[in-house]
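Below you'll find a set of structures to go through.
Next come two complexes built around chain A: one with chain B, the other with chain C.
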Partner chain A sequence: MGRFIVRRVAQMLFVMFAVSILTFFIFNVIPNGDPAVRMAGKQPTESQIEAIREEWGFNDNIFVQYTTTMKKVFTGDLLSYTTQLPVDEEIIKGLPRTFALAVGAALLWMFVAICFGLYSAVKAGKFADRFLTIIALIGISMPVFWIGALMNYYLGFKLGWFPNGGYVEFSEDPVDWAYHLILPWTALAILFIGFYSRVLRSNVLDTINEDFVRTARAKGLGERQIMVRHVLRNSMIPIVTLWGLDFGAVIGGGAILTETVFDLQGVGQYAAEAVGQLDVPPVLATTMFAAFFIVLLNAIVDIVYAYLDPRIRLQ
Partner chain B sequence: MTTPPAGEPLLTVEELRVSFATEEGVVQAVEDVSFELAPGEILAIVGESGSGKSVSAMTLMGLTRSPNAMFEGTAHYKGTELIEASEDQLRRVRGAEIAMIFQDPMTSLNPVMRIGAQIIEQIQEHEALPDQQARERAVELLEKVGIPRARERVDNYPFEFSGGMRQRVMIALALSCNPSVLIADEPTTALDVTIQAQILQRMRELREETGAAIILVTHDLGVVADIADRIAVMYSGRIVEEGTLDQIFYDPQHPYTWGLLGSIARVDRPRPERLPAIAGMPPSLSDRPEGCHFRPRCPHEFSKCAEVPPLEARLEDQAGHCDRCWLTPDEKREKREVRPGEIGLDAKSTSTEAA
Partner chain C sequence: MATEPATETTLQGPAAWEQEAEREHVHGLGPWRLGFRRLRRNRVALFFGFLFILLILVCAAAPLWADNVAKTGPTDGHLSDTIQVDGETKNVVGLDGVPIGPQYMKADGKFFLGADGNGRDIMVRLLYGGRNSLFIGLTAALITVFLSIILGVVSGYFRGSTDAVIRTLLDILWSFPVIILATALGVALALGGLKIGPLTIAGDSLAIPILIIGLVYVPYMARPVRGQVMSLREKEFVEAARAQGAGPIRIMFSEVIPNLASTMLVFFTLLIANAVLLEAALSFLGAGVQPPNPSWGTMIEEGVDRIATAPHLAIVPGIMLVLTVLSLNVFGDGVRDALDPRAKVRLER
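For the complex of A and B:
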């Protein structure tokens, strides 16, 4: 376990380093990416721009710029070029919103996908299975920005059943918090429900024909116990892997579209706005933040994997 | 369920037929199988792959039930009719009254559950026993089937056991609720020869200790010779001969049985160039010959073989010894002894060599 953690931390540092270099240099070669011009406002004079360049260190060698920026990332002094607000504060402000969205959606899609997948497998080939297959394919095919916008428009704006975007702090009013998040959760979960239920269905159908399931039946166990203890547990292993990875990806930016459509003001939306303005510091910080969560969830998935399948050992 | 009076069979199977609807049409896996099992008896069902022996055995526990399967006939066990029984009725029989050991111990245990938990699960399904006592019982069972350090091993996972040890775990699992009938479906096929002998020895000892009757399904007559009381030989969905161990080994009546016995490799005879085998292939299950199914492979076929021979006792003083062959007992004795002291189907191999 000790070696496992050391290796994973080293891996995490390496990934974050690589991601930061890539992001930083990509944004430096993008056309019209000169931050000094943007910061100088409308119709600046050449000397104003030059002064900003000098002040912010844009005249330095690119490697020096990278090093100073990275230093600021770790000391928390990083400022956005456009808003000139501290990046770390903005991320910390968005974090609970992103987490609320990601955790809620992940629980929702996992729960619904297990129900759909299991039911589909039990009824394989029958009407219910075909119906769920079609629903799943529709879910997989609908982009989140489209279904999100539709939900927002019809359920939020037209019918007024749900708030039209926005976010309420959990500490202020938990019920209102959940009420505001129902649409975003659903919109984000739909794609994953479709995908996961298909994967689970095929896993369950494979597992159902295993010899140990026949043994379980020969023991006199009930159908429910056979399905849950023997079939589901063995079918869940690949799903849990996927779940961890997708959850990491959603926290680390997979929810950009959902956050933007529903105006949740989370980290994803912050990143999206920063990208739109070619604002390097927030882009750099949010990308590293995403990489951090993806690698972290990868490690957690491996631990859970070893717990679910005792044949796998961490090393 | 009550224990039947002495002399009554524990299990009576009558005219069992099992067929499956497949893409190639209806396949009759078992056609007309009848047998009885006395308490504490070891009955071996012997036959080659596809003879319907495993399907017959699994059908008794309802394990072949599926939307594509069709069943006829009856199987009475202590007053319960197993073929028509509801799933709930069957669940009370499975594991508790009739337990099963499967062929492949490597895949028959749940890979992600501790073996103790798998045994306890079965015990608690049938008896209201607190966790600690169920666990004690699991440890005792593992000791009984010869697993060393059972108290520690009870918390191991299946992958931490060898094949032979896993089969012992399967036997412990099967015995956990003191069943009256143990169905062992090729229990030693996946194991190497020395382990086979140990497992069979253990099963015979357990029969003495627990008094459970055993149905041993196998393709290996060598296995049967060690432990069976009675043998039923199956061919292509039918029992073609049935009798006690001695009757089958010393006075086999059906040419198929002669062939099986002739195919046993023997170390006490000079080694033949090639091991003797029954010529030809078993018929396809969906396209069997009329009458006796063994007819196309039988060197002694004659006109009467186009009619289905009933399974009946054809020897005067041997009531329990039945077979499905139209030849008279005298003809059989004459034909099977092609060479003195050997049993087999040599008549055919000599005639094909001559031609």
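For the complex of A and C:
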């Protein structure tokens, strides 16, 4: 088990390294990426641009530039090219917002998807099942920024039931914090509710025919107890895996659109703004931040799996 | 399929089974015929399949509507023009900046769904935008299928170090945050276009979002394909081909790839849906189709800015997008169930 974890962590570090190199080089190879020209402002003279190049080290060998930039990523000295603010502070500022969005949405989609999926499976083939299936399919077909913008306009602006975007610190007012996040949570969760309830439904239908369920029924257990203790428990394994992977993906960039639509000022929105201005240091830092969570949760899921199933460890 | 070959005849393999079936008057159906039969019974999936074809046809007919009914192009602004509605003269964009609402056929089909903030005809933009969105979705999905099959087959067939290299590549691509990577590439390329040797792609070309989207989804399909190839290469018919002296290329093309056809078909449908959605997301973030060119994503983006005065600007393209993606998802599910009821092919994110 120890060797498996070491191997998995080494693999994780390698992938992170590759992601950082690729991101850095993509921006240095692509035309119009010369940050010195953009930093010099309107109508710069050649000597101004040259001075900026010298000061920021754009004249160095590209590998030297890469190592100095990566050093800055880890020491927290990375500065944005456009705002010249430290990147790490901006990310730390956005972090609680992104986490609040991701954790709340993840809990919401898990809970609702279990209810929908289980109910759908119990009523398989009946009207309720078909209705929920249609709802789930519509849910996975809706772009999050579209439904988010519509919710924001109709429920927030027009009816005034919810605040129209924005974010309140949890420490300031926990109730207002949650109240501001209800719409973003729902918008982000809709897609996943659709996916998860469908996966859970088919898993439950597979498990229901297993021998141990028949045994439980033969023992005289109540239908509710069979469903929750035997069927649901065994159908949850793939869902929990997906949940781990998707949670990493949501923190790692999946929440960009939701954050932008609801103006939450999280890490995702910071990344989107940096990308729009081709501001390389924040793009590099947020990409690595995002990749870290994707890779980390992938590794956790693998390790938990290996712990549960010894066959995987030996591969 | 391990049937004992008939001992009294000299024929072996499929030819022997055919002879036997003929003798016993059994009419076998191939997997495709069986699948088609199952699909035909699935009314809902068929309905949505036709809906998708209808959407393609309607969007393909965009120039017909633009030239004959609306008499304007997708990027033509009518900011200071007026139109005749029931004998009344109306501004296309009011003095307060509010564009005209849906007119349906009241102005002979002009501004059927109203105008946007620049006085452009929404219906015309919707149709042309659909053309762009669907074209990007279809070609990007084709690129993904093509690359995934090559990578998946080579990786699963040769295994060993080739497999390790390809798998690492896929792992890296998988770990990239899709939207950040795609928007970063989209924004950077939209500014200056792309020049690789003699090949030049202009910044506002549709090729840029197509290539980005096509590349981004490769790991999602290549990984399951690889797994399938690994189990296919151990099958008896591959062994038989190898025993007859077939080389790896021949085995891949005539034994392995034909057996991946149903996977390809299912993935293709679901990939179009995801590609159309990703295109909309990229355009929403300003990294997909570049204005003034329309696409459903750019139209939603423009509509969200004016949602307080003219909400239909965002709602209409969104509904078209949802209909397209929904029809592909339902149809794709139906095709999967028909071809392989036990398969669990699924696209995440």
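The rule we apply is simple: the second predicted complex is superposed on the first by the 298 of 315 C-alpha atoms of A that agree within 3 Å, B and C clash if a C-alpha of one lies under 4 Å from a C-alpha of the other, contacts with A are read in each partner's own complex, and residues count from 1 in each chain.
Here, contacts are C-beta pairs under 8 Å (C-beta built on N, C-alpha and C of every residue); 3 or more make two chains touch, one makes a residue touch a chain.
Everything numeric in this text was worked out from a predicted model, so none of it was measured.
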| item | value |
| --- | --- |
| Combined model on chain A where chain B meets chain C, clash or fit | fit |
| Touched partner set for A:Thr67, first chain B, second chain C, both or neither | neither |
| Partner chain(s) touched by A:Ala216 [first = chain B, second = chain C, both, neither] | first |
| Partner chain in contact with A:Leu308 - chain B first, chain C second, else both or neither | first |
| Partner chain in contact with A:Asn234 - chain B first, chain C second, else both or neither | first |
| Which partner, chain B or chain C, touches more chain A residues | C |
| Arrangement angle, chain B at one end, chain C at the other, chain A at the vertex (C-alpha, nearest 10°) | 80 |
| Which of chain B and chain C A:Asn59 touches, first, second, both or neither | neither |
| Smallest separation of CA atoms, chain C relative to chain B, angstrom | 14 |
| Residue ranges of chain C in contact with chain A within the complex | 168, 171-172, 174-181, 183-185, 187-189, 191-195, 273, 277, 280-281, 284-287, 297, 300, 304, 307-308, 311, 314-315, 318, 321-322, 325-326, 329-330, 344, 346, 348-349 |
| Complex contacts: residues of chain A adjacent to chain C | 11, 14-16, 18-19, 22-23, 26-27, 30-33, 137-138, 140-143, 145-147, 149-150, 153, 157, 195, 199, 202, 242, 245-246, 249, 252-254, 256-257, 260-261, 271-272, 275-276, 278, 283, 286-287, 290-291, 294-295, 298 |
| Partner chain B, residues of chain A touching it in the complex | 210-212, 214-223, 225, 229-230, 233-234, 308-311 |
| Residues of chain B that touch chain A when the two form their complex | 61, 63, 87, 90-96, 99-100, 102, 104, 107-113, 121-122, 125-126, 157, 159, 170, 173 |
